[in-house]
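Heads up, there are several structures right after this.
Two complexes come next, and they have one chain in common, chain A, joined by chain B in the first and chain C in the second.
== the complex of A and B ==
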């Protein structure tokens, strides 16, 4: 009994006891699935019944699969649009909210924030009605102002679908980065701004020489989040177009879902999943490397 | 120059207010219109007569059940997260053991793992455990999904606690377990409320695991219910809008009371890229 007590008192054992519950869930549902999916990717498997080992056949198929590469390209477009539009707009809005001249900032902030409380399904459902060809907000508005030829089949036209969905994605994620930047701006020591004012710096100069350099780490973090988020993106596109029409808005993750849970090709689906994992890892590490090097050059 | 900048700022701010606010106004107003009225009236028009019956109909169509299911699943998952994450964070922040840093990085790496790589293994595991199509089957994935951010928040908080507090407890003869229970837990209450509220919001909106792990309508949670509701009642648009409003409303109310915790959770999860 005493021995047990002593054992429990040692740090090593206590550490194990304290970590055990979290490691149990995390190991089972987050870590173990990575090698498991890799293992499944070497098999032909319907999800139920026998797995048949087929070596690298799935991977060979993936490399030659035009739909996978199309969705990969769509993911890259999403990366570019996300980083290129979400971050600048979010930054401007955050600067606006942080300026003390606006008494209404609190109200603005609350309304800006609301899209963050929507589930992706709610956003998908809502934007489907906004884009509806006949009764949707967008087309009704365009017809009201006389721009009849601008009214389009936003989600049904393969040339437009991906970009239409990106607007909805921006609607949801700009407030997120805005909140991030706002928190970072508020954390900048007030003295820096005051010193700049005394030196005669005005609006845009203060922004360029104080706010922007101080925000650099936050902006890099936001860019990495945006990059990884865009590479693994799934739910709003799934809820709005399901990847259609004709794979026009297909992403790697929606494609993975279809192959796995619609066609029940779990082996091939796992191959796509592992590919998403590898691509996200390689690109985010490369990005971090790149930003680190460029900051060393400064 | 000054005024030009201010004007640009205001124009952008007002534009974004419209972009965010108008769709919200639109779904709320549409949710109170009649089915035919939606098609015939202007999108700018207020309902001729507020059809509050839409909301009642949505509830009767099963939303009360989905609502209850979401509440049960998120509550249980968040409870487990608060306990297990604070315990793990306590060990990571305070105990000296060889793999402390490794374990911490492993948890943080969880924020970057695309959840789709877990989908098939989790689906398979859930089936084998006999938990497929049950609310219990969602608990495991939800807990593990919430752990990284929660542990990160707790570790940061515990490291800020003056070590003297614990030293005093040791002098009084307390062991690791008593210190966690009597010293750490009471002090980290603010972090617990951040973790609980933030994860509640995140899990309330979760969709992918529910889509893959549930099938019968009696088990659906709110997101899945709304998704299928649109499929079934797609033509009665005001009804779908009412369902949409109902699914977001609890979170908007939560935001009014707990915006500090929600924002803290969101920014905390992103500091570590």
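== the complex of A and C ==
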């Protein structure tokens, strides 16, 4: 009896009780769907009627599905572009904003932060209008300055659609990483900069030898976030091109959506979903491992 | 003290529950968002129904077209479907019927006499295995080429009756810096209309029927390939505005070009008259239409149309607790007052006698054209099972975009059909 009371009073139990509600919802919405989708992926199921067990047939189809592999390639392109442009630009902006010589840093911070506050669909619709071939901002501007051949069908040309959308995606996510880096830069102890200054280091040198190494953990975290985010990306692409024209900007997630909810093939859609899960997991584990090893080498 | 609180809470809960039981609600899901031409008809029907049935409330839930289809499917899968829902009949509705979600209202329609309000042909898309699973709502639709009469007059153009003449008209328009057609093909069903018409004009309606019903035809038969070739030739000849494959019909990006006179022709379902009436009534004076021209040497009768005899349908779910009341609401939705409101919105009411109410000469001409059609083919994407419908729409968009050859597109469609039917 006494023991029970002791147990109830212990911090661990209290912690568990306080975490339980969050844990419940996390389990329900984040953990449970994984085994459930795996189960559905073994069935032919329209999402409403009966489920018919078909073994690994969906997986066999997935491996031979050219559209899935096309969307996988598009996702990889998005990963490369996201990490390759969002992080450097965000870092540059963060350094610029944290510099004491920057005037009106507060104003710029607010302006740069704005894209992150919009809903994704609103951003998608806005960029659709910006890219509109006949009346859009981009093409009207290009035509007005005489660059007629530069005015392209940004979202309708299969060669351009994916890259056009990436611009909108970058515009939206750079501020997020900027804030992340800004917070990390502010957290770097002032003495380090002062010591470097006393040793005669100039702007670029301070950045290379103080700021960058101190930001390393943040950069790795940001890269993993960007990697996983790009692998399961959905909303802006869906709002802007819907994966079209003819799958040119299809991503794995938009493809999963189409198979499940447009074609009424929930079983196959679940197969795509589980494949996305596996691919994202493998790539992020590999990435983390790679960065850990290279940091040990340091 | 604690207990008192609990008792009060339980009492409050009981009162809420009994209050909900007193007022009956019928939930209706539809796509008639606030600027939709059928919205006034629906709102008016709800008002009249609620006035005549005190204690019954209609909960009207409008959802934008494409999102609607997803939301409905998810709710069906979760067993959370509304009492009354909108559909377009055909393949997607059949999915729900096969899953036992939709009420067969045939007997009830006959007992209540409501069935006499509809011609058999308008019930075609909701007629499965001898049952009737919905009632038509808002329009008798045939796709036609709408055109700007003022532009045609100014340039001295005649209405083309053959594909060759259509090319001649297009040449004159282009020479005058006007896009021959406006087309917003992001949505894919818009470009599909060109494909469906060309297949019909080349091979007749049997071509599609035999391929879709697997009665000796295939989706890579010659007319399908030929239709794709003509489309790519039209694209190369500059029939369509730049960027047409990314323009969105739902946002009116196609009609903007028509309204501003930058494009002269618009192949669209005849709801276009109602849309134009809502969006830009002044332009309607300068709008007329003609049928898709014949293809030289083709087998299709040039009076044939592609369309739908009822456009939108309301079905009652099996889960609905008060089907008689729901059906009673559908009576209001399809009665003569509703028909008059539809006529005011420049639609053709799909009810018996609906055509007689029309006063606008353009609408009368449209109605007569649909009546005179030798055959009205339901849209492929409504006729086919959803999975095949998507392949059709995707491959057609690829033909327009030049990313697939007509032969590849036709073969892909046929392969999908063979897989679907396990041939």
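The criterion applied here is as follows: the second predicted complex is superposed on the first by the 277 of 298 C-alpha atoms of A that agree within 3 Å, B and C clash if a C-alpha of one lies under 4 Å from a C-alpha of the other, contacts with A are read in each partner's own complex, and residues count from 1 in each chain.
The rule is simple: a residue touches a chain if its C-beta (ideal position, glycine included) is under 8 Å from a C-beta of that chain, and two chains touch if they have at least 3 such contacts.
Quick caveat, the model's predicted, so the values are computed rather than measured.
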A:161 contacts which: chain B (first), chain C (second), both, neither? second
Can A:261 be said to touch chain B (first), chain C (second), both, or neither? both
Should A:114 be classified as contacting the first partner (chain B), the second (chain C), both, or neither? first
Counting residues of chain A touched by each partner, does chain B or chain C come out ahead? B
Does chain B (first) or chain C (second) touch A:153, or do both, or does neither? second
Would you sort A:135 into first (chain B), second (chain C), both or neither based on which partner it touches? both
Report for A:247: first if it touches chain B alone, second if chain C alone, otherwise both or neither. second
Is A:87 touching anything from chain B or chain C once the two structures are fitted on A? First, second, both or neither. neither
Kindly classify A:47 by the partners it touches after superposition: chain B alone (first), chain C alone (second), both, or neither? both
What is the shared patch of chain A, the residues that chain B and chain C both contact? 47, 128, 135, 261, 266
Chain A to chain B touching residues, read off their complex: 8-9, 11-12, 14-15, 17-19, 21-23, 25-26, 28-34, 36-37, 40, 47, 89, 92-93, 95-96, 99, 101-102, 108, 110-122, 125-126, 128-130, 135, 137, 140-141, 171, 174-176, 179-180, 183, 202-204, 220-222, 224-225, 228, 231-232, 234-235, 239, 253, 256-257, 260-261, 266, 269-270, 273-274, 276-277, 280-281, 284, 288
Applying the document's contact rule, which stretches of chain A touch chain C when the two form their complex? 46-49, 128, 131-135, 153-156, 158, 161, 241-242, 244-248, 258, 261-266
Please output the residues of chain B touching chain A within their complex, sorted ascending. 1-2, 5-6, 9-10, 12-13, 16-17, 19-24, 26-27, 30, 38-39, 42-43, 80, 83-85, 87-88, 90-92, 95-97, 100, 103, 106-107, 110, 112-125, 140-141, 143-145, 147, 151, 175-177, 180, 201, 204-208, 212, 222-224, 226-227, 230, 237, 240-241, 244, 247-248, 251-252, 255, 259, 263, 266-267, 270-273
Under the definition above, what is the set of chain C residues touching chain A in their complex? 69-70, 73-74, 76-77, 92, 95-96, 98-101, 185-186, 188, 241-248, 251, 253, 256-257, 262, 386-387, 390, 394-395, 397-398, 401, 403-404
